[in-house]
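By letter and in written order, the chains are A, B, C and D; residue numbering begins at 1 in each of them.
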Amino acid sequence: MNITLAQAETAIAAAREKAIELNTLMNIAILDAGANLVAFVRMDKAWIGSIDIALRKAKTARYFDTNSGEIGRMSQPGGPAYQIEHSNGGMITMPGGIPIRNQQGDIIGAIGASGSTVQNDHLVAQAGADAL
Amino acid sequence: MNITLAQAETAIAAAREKAIELNTLMNIAILDAGANLVAFVRMDKAWIGSIDIALRKAKTARYFDTNSGEIGRMSQPGGPAYQIEHSNGGMITMPGGIPIRNQQGDIIGAIGASGSTVQNDHLVAQAGADAL
Amino acid sequence: MNITLAQAETAIAAAREKAIELNTLMNIAILDAGANLVAFVRMDKAWIGSIDIALRKAKTARYFDTNSGEIGRMSQPGGPAYQIEHSNGGMITMPGGIPIRNQQGDIIGAIGASGSTVQNDHLVAQAGADAL
Amino acid sequence: MNITLAQAETAIAAAREKAIELNTLMNIAILDAGANLVAFVRMDKAWIGSIDIALRKAKTARYFDTNSGEIGRMSQPGGPAYQIEHSNGGMITMPGGIPIRNQQGDIIGAIGASGSTVQNDHLVAQAGADAL
């Protein structure tokens, strides 16, 4: 099962609404179950460097079917996934990447958000993931 | 002058309408004047390999303020831009990348489309560029 | 708003003056608002390895509209931006990259300096940024 | 013997003068004898995609101590250097890259110009190389 473009747009709309509510400027990326890009938006004046980070957070979340920030906790010095960021062409393990599931619980894609604090990035991504 | 997200969404909507009219499935990318990604959509079941091509066509168009296919005509063997595809991390010089101008004629971004014949790709990109 | 070449040269001249005052040898890079290179100089006998570092510091500063060293503080183990250096094709989060603003406060580009201690690199970049 | 920054600036000044005389907008790069960047300028509104091309033309010229366009003649289909552009991280074999020699004839660096027709690019690079 793959996320559809219509679903991706629903997720992005919900994430943008949350971004506006938090008074932030976000880059938001949606990948499908194959970790390939489906949809992306950068809000006006959002950080340019967050384009790539939003994409990589989503990829990281789907590559391990885990929130990106959870992986970041395991990749600290001494942790079991130390330096995992070097794999897969460069991963981003900060919060803000979340797998997207359908109502049966199957993973159908992932969302990544970047543009503010990692706490806000996570909230925006969560709003998108919850919209489906 | 940079394209806004609202303008990018207008361009994407017009390009999608054209893609549907042509009975094709497209990847559509919009970059700003600095050649940084603003918005992207992949229609359901459009080629995965066209994600990168749509992005690179748009980049190629903005990098030289010229339709990507025009560059492709110059990059043929014996042409003045032979092998230009090796520059800039890999360029795509097939039709389907077009600079986007505002009503004053200033370049504010670029659109790239990929998913069908290059003729169709060009028509879809043109519909997007013309919408502004 | 983009930095002009004339402004970039003013910034480089001020940065070089500071480099000489500090008795250092610097690589100095200026990017525009789209993070694309505008001007670069390497002082005679400055480190070759600092070419890339000066370029990446400037890119890092513009990508997040923040001094590169500030990002480096957040990217330490346990910090909120841990391993952010893996994004965007490789970022450099040491001091020495600074956004450049015009007199209205709009970001029009960024400067990166590398060739000595990071403290000196920062002072040289600051001298360049302050010249506009 | 390596080109100095002062010599690089002399070459760039001469190349810019020629660019203005030809009514073109150029990216101009100077490398040293080790093929490492010494100085670069992008004239206002010159093509963004020509940043990389100017750099690669200069690199190509120094890597083979030959004008880049000469290599491009040998890299045509059936030629002795066919597909040489795939080497060295991507070479650009269009005219506009020229080795720089000192008055004793020793190669001390290279210049690359990009921003117009390859004929104009070559004339601009030649003006820079001749200035030393």
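The rule is short, and it goes like this: contacts are C-beta pairs under 8 Å (C-beta built on N, C-alpha and C of every residue); 3 or more make two chains touch, one makes a residue touch a chain.
Everything quoted here is computed from the prediction, not taken from an experiment.
Novice: What's the call on chain A versus chain C, same or different interface residues, using the half cut on shared numbers?
Specialist: Homomeric contact, different residues on each side for the most part.
Novice: Could you pull out the chain whose C-alpha mean position is farthest off from that of chain D?
Specialist: A
Novice: Hey, how far is the Cα centre of chain C from the one of chain D, in Å?
Specialist: Each chain reduced to its C-alpha mean, chain C and chain D end up 25 Å apart.
Novice: With chain centres defined as C-alpha means, what is the inter-centre distance between chain A and chain D in Å?
Specialist: From the centre of chain A to the centre of chain D is 42 Å.
Novice: Hey, how far is the Cα centre of chain B from the one of chain D, in Å?
Specialist: Chain B and chain D have C-alpha centres separated by 29 Å.
Novice: Which chain B residues sit where two or more other chains touch them?
Specialist: Residues 34-36 of chain B each touch two or more of the other chains.
Novice: Between the chains shown, work out who touches whom and classify the graph as line, ring, star, complete or other.
Specialist: other
Novice: Between which chains does touch occur?
Specialist: A-B, A-C, B-C, B-D, C-D
Novice: For a test of understanding, state which residues of chain C touch chain B in their complex under the given definition.
Specialist: That would be residues 32-36 of chain C.
Novice: With touch defined as at the start, can you tell me which chain C residues reach chain D in the complex?
Specialist: 4-5, 8-9, 34, 36-44, 48, 51
Novice: Okay, in this complex, where on chain C does chain A touch?
Specialist: Those in contact with chain A are residues 34-35, 59-60, 62-65, 77-78, 80-84, 86-89, 91.
Novice: How about chain A: which of its residues touch chain C in the complex?
Specialist: Interface residues on chain A, with respect to chain C: 47-50, 52-53, 56, 72, 75-77, 85-86, 90-94, 117-118.
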